[in-house]
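As written, the chain order gives the labels A, B, C and D, with residue 1 at the start of each chain.
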């Protein structure tokens, strides 16, 4: 019941905050959002399950009741966690609180609505990462869009209307495509499944019980469904060339929302890819390894090149997210312990680091009211602490050893280089790895131009050290990044444990 | 197990603690945390000496101290400490130089009233710790991780004066160029894991051992469809990428001269003992892996020889004292690479050691000169300083003699052995080595020239500026390190006097004996067998007396120095290098190396990025917006059907019905 | 006796005439009358085939249709009346304030 | 379980199964009675109250019957009345629920909407008579009763649309609605006559029995297609949809709600019964492929509706087009039928969608009524910043919009996805795909309303003084229902599919 409690508490918190007066909505939201953190940490401490939730492993904190019946299939309220979802839950709760705190400065109107929506989004995210029944999961998956639409649309920058609707419609189309693909798959399984519970479907698919459906023979149906679902999730990740909603959304969104968007929402895509495509249909995934690894490499390099061309700090970080998530795809398709496990770890690592970077950019923006590289120089002179953390975060983003980013990336590189799914994997890996040079390039250029050199700033704002509650979240994130970088086993153990079952059987 | 070696991790941790202290409370400590750093490095130094002594006693140490990532049904990734003669010697060098640099910094930074000292000492501490961690690393992954941390520290320290335009840019360049090399290194690490399933340096399960076994057909490893030796060569060269970057070998040497933007003690640390040495040390550390691949060896040797000459020529015409030293550094590390490639494992280590001493000395000496000259580095503004600052002068002189390779100073012995080994193996019928040797030999002449051009311009003749008339004095904290190093630069060579041994028959090549100890797979004998079996070095078994080659190189060194003496040891030296004309311009601009690399970065990459950005905005996003645009346009057209005139509705309704009727009529065949 | 196809043709003809009227007449009343033609075309079928099949279902339904036609006209006239009040004409193409 | 069994075992009491319809009709008469007793000072409250009470009572009875099992398989199947021309079964009761609840909401909302109007009694009674007609439609088991009940539903609607006699828009809407309606009913009745010509019967069962061995497939086909036309008119589907945009835009907003929710549902009720009972897929001659016809109509209708809605400036008209689009979705219920396929779940999904649609769409139109009541303009721009002055109502409207767009956590999400789900189940994944594309587009224009209310800032301050109780009550009730239909969707879809199964 802990999971239900977690989600319910967060929903209630959202309601409470929504009706709370604006003056202390922010403080209240932060305080209330501490509860989910405690809950998730308690789960982490109590976690005793092993194996992959979808492939017969034991499921922690499980609940399973029938919700309704549709087309002869039971839809369950079926939630639980395993080594893949638990780290993401911890990430979600922690990042949400930090994002809320980081919102105290920039968000100045309709606060109660803002924080209410943030908590509402957190609740749905928790649902996404815990639900193990397709329909329940899909409800949360779609429900995340609603608060995000408002958060971008109401509190966003000048071009927020366009960004919000683009995000809204683009990702919604993706979900529909994915939905059709998955449902076709379910009916292709025919009587071998009696419900929409993901474990049932995953095991049936890996057992090769898929039959012909709607005029498509089993093999074709499987491939078509795989592609449809991959496209659907790829938009969320986002994988180039389906990424164009992201920069707009990030640039327009207020900092805390960017943090959640980059830190958690993108992980929904990779999490779903892992849970659905790569867990359920490894045979198709390995058959399509070349295109998949191809788009992964393209995302890495192309995204990094785009970041290199940006002048807006936030756009730089936004595009670099595209780049970093490309690594995750590469790791997933490798089908090795380090590859898939590293991809999962990289979700957490990138969640922390991109959150850190967006917050740092936000703190700079709060003081300077500009994000343009050309508008400022040498601000490390006036806000050394922020600059210092910015530098640390940037090096984390470049994959500095003993920070979480390096762990994730190295695991992925190791795993995909030694992968046997395709003879070309070492080449794909080497190509993708060049991203670490480009990322260093654009981040170093950006820092040199903005933080260092003689101080100059053409704006009427007084540039001083940021308030404590702006910098504190940064420090926390930096600390977490280093802790995870020094001791990746905090999560990596349970991740591997949950990932390994995926790597055997199922036509591999 | 010997107690003292169990404290080896402390050697690494002490400076790290000083980093934390300086970072946390440095601004509340006297001297901005300097004492913490000095104490820590002193402690490390003592421990290192103890370590060396223990190792001399024949003990070694290899233990996994931390499992970084425990693999489930996969390999573990661990941190371990490996203490053998090589790492012990390197520990000594690093801690000694680091300690002296900390002391010197009191004079160079504190006394000069620099701001941000906690940041500076934190940087130094972390830098030392990272380097020591790299030195004791017992596997390639750990080595890489600390290698990267070293890079980070170099970024932080070179960019210490971040308020000026120059340093941040230099720091960025240093990190970026080395990062480019590290990219290949990382690919190499991953490849090593994929090939051998382990990355440890030592033991029968270490990857060099496995490589050897594989070539001897005693083990099988994944070679991705290549012949084992070919694949090992590829992997070795990938790792070498990182070496070339960090050790500033051609073509990735360009960052180093710019790195002179950093505070001079930092330059000393970087060039003498830490960052740049890391590359060469890495090759020595995994020498067993390179020894099995003649191609890799040849490439290493050739790159080294070429770099030695190439950098030396650039050093000829520089105006700033630190620039000369920078190019000399590149050149000297070229020698070490040459030695490694040429099979002179001991020679390389030897030169690594002597160079550490005399180059640290030269940089610190330059630092003290710069203090005296109120941070003016232009040699043409100096002159006649030898009377005003004798300590600096004589120590600097000792260092210069060592650098130029003049008998009996340290540099002579090591450089001489480098060239000797290379020649020896070259004569086995290895033309590439001979070519590399020729370049190395030629570089000796230039080295002598630029070294003494520097000395004479700086210290001899008449003072050419007001500041040179009465220079700013320096205190004990500057003189003490100079003194220590000055002595070492003079005598360090005595530990390995191969030619003398040759003459007298005495066994006084201590370094050889020193490096014959330790783990079976990491000794000089083992390496020479490997070289003989796989690279054919020494296969012919011909003997060559070291005397003649020694004499030749010494002669060249003297010639170079002598020419410098003739030209520059005069009261009013003139810019003789102007006679070189166009060549000088080329040399002065470093063969336009920077230009083309900057062009690659800004002239090629950025336009490509901009093009990609245009493409992204225009095509990729254009499609997205196009779809919505088309839909809305279609919607705008569709609604036009609704004309508002009810008669039209009736018409359309009828037409629609009729269409349906006809379509289905024909489909269903009603009209037959 | 008359074969049933003829009834179908007749009713179809009447239906088409009604439809033609609907498409061509702009006067609301004429439009209404044309609609009546449609209904009567249906009645023809109903009555005729009631005779053919020999049951009275069709005829009964025919009566219902007439009744409904009357009711429809009643409503229709009312609407046309307010149309005239508001648009000063009974031309159905006049009322086009709402479109697209 | 009460005496639901008794209801049908004792023939004398069989007519009591008509209770919902009778209650609605009686309420209408009572209203007229009240008006005749005191023509001058009839209290609006009384009228609204009576009509609301009557329809709610009917709702209650229908719900009770549904729960008790009246006319359902578990109690011996459909109750057939008057020579099998009317049947009371699960489906009719299910649809009755939709009609009655919508009627109740409309009645409550009209309390405020009609405050300045005269002839209120007529208004309410017309609404109730129309509702009666719709209930009859859901029970009609003979083409004759189908046509009569359809007219009984239509004729009051014409008058209601044109109710605002001084308002050109209302009158124009009435005219167009009436003219197209009369033409369509002419077409439909002619179709019926053709079917009669072929089969010699009007009772659906007998028709089904007779079509098997006919040599006049062509005539039958024309007849069937013309009945399709009649249905298409009632459900506002292409090509008989032309009346809808104007009628919904011009009519008093509560009536727009009534027509677009209840009347549309009634059309589907008729369609489901007629085509499943009278022209079963097994027995129908090869040439007469009405499923294909509905597939064409479904695709064209949803596409046209959504595309046209995407570029409207007037919110009410946008809703009108969106309601055409939703007719397209619901048509999937007929378009995805296959001989021996999962027809029950397809049909049931469509019914469930109509129920949810009944709440969310009614609510949306009633919100428009509220805004008209405030005298705020009708375009998107006029809605700018509405949330700041009327947050509660704005929240409700947001719920309706997102639910119509098919976003969680609202009923519309599950009903729409249940529809696509069953379409794919029946193997018509392409229908689902078209639906998906359309709903993506619909997300765009629905969110325009939300954007206007929440994101845009008002041009000038509204002077919103009143907080009309009735409208608020109705809107909030609809909003709450839309929200609760997500968790409570289980019983809805299961009932719908169970009663749909009884048809096959």
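Everything below uses one rule, namely that contacts are C-beta pairs under 8 Å (C-beta built on N, C-alpha and C of every residue); 3 or more make two chains touch, one makes a residue touch a chain.
All values derive from a computational prediction rather than experimental measurement.
Where the contacts of subunit A and subunit B overlap, which chains show up?
Of all the chains present, those in contact with both subunit A and subunit B are D.
What is the identifier of the chain with the smallest separation between its Cα mean and the overall Cα mean?
A
Go through B-C and C-D and name the pair with more C-beta contacts between its chains.
C-D
Measuring centre to centre with CA averages, how many angstrom lie between subunit B and subunit C?
Here subunit B and subunit C have centroids separated by 97 Å.
With chain centres taken as the means of their Cα atoms, state the distance from subunit C to subunit D in Å.
26
How many Å are there between the centre of subunit B and the centre of subunit D, using C-alpha atoms for each centre?
78
When the centre of a chain is set as the mean of its C-alpha atoms, what distance in Å lies between subunit A and subunit D?
Those two chain centres are 42 Å apart.
Mind pulling the subunit B residues that touch 2 or more other chains?
Residue numbers touching two or more other chains: 628, 639, 642, 644, 646, 650.
Multi-chain contacts in subunit A: which residues touch at least two other chains?
In subunit A, 169 touch at least two other chains.
Provide the list of subunit C residues touching at least two other chains, using ranges where the numbers run on.
Correct list: 22, 92, 95-99.
Could you list each pair of chains that touch one another?
A-B, A-D, B-C, B-D, C-D
Over in the complex, which subunit D residues touch subunit C? Could you list them?
143-144, 147-148, 151, 155, 158-159, 162, 165-169, 171-176, 178-179, 182-183, 185-187, 189-190, 192-194, 196-197, 200-202, 219, 245-246, 249-250, 317
What does subunit C use to touch subunit B in their complex?
Going through subunit C, the ones touching subunit B are 19, 22-23, 26, 92-93, 95-100.
In the complex of these two chains, what residues of subunit A are touching subunit D?
67-72, 135, 138-140, 142-143, 145-146, 149-150, 153-154, 160-161, 164-165, 168-169, 172-173, 176-177, 179-180, 183-184, 187, 213-215
Which bits of subunit D are touching subunit A when the two form their complex?
Touching subunit A from subunit D are residues 342, 345, 349, 402, 407-409, 413-414, 417-418, 420-422, 424-425, 427-429, 432-433, 436-437, 439-440, 443-444, 447, 450-451, 454-455, 486, 489-491, 493-494.
Applying the document's contact rule, which stretches of subunit B touch subunit C when the two form their complex?
Interface residues on the subunit B side: 639-640, 642-647, 650-651, 654.
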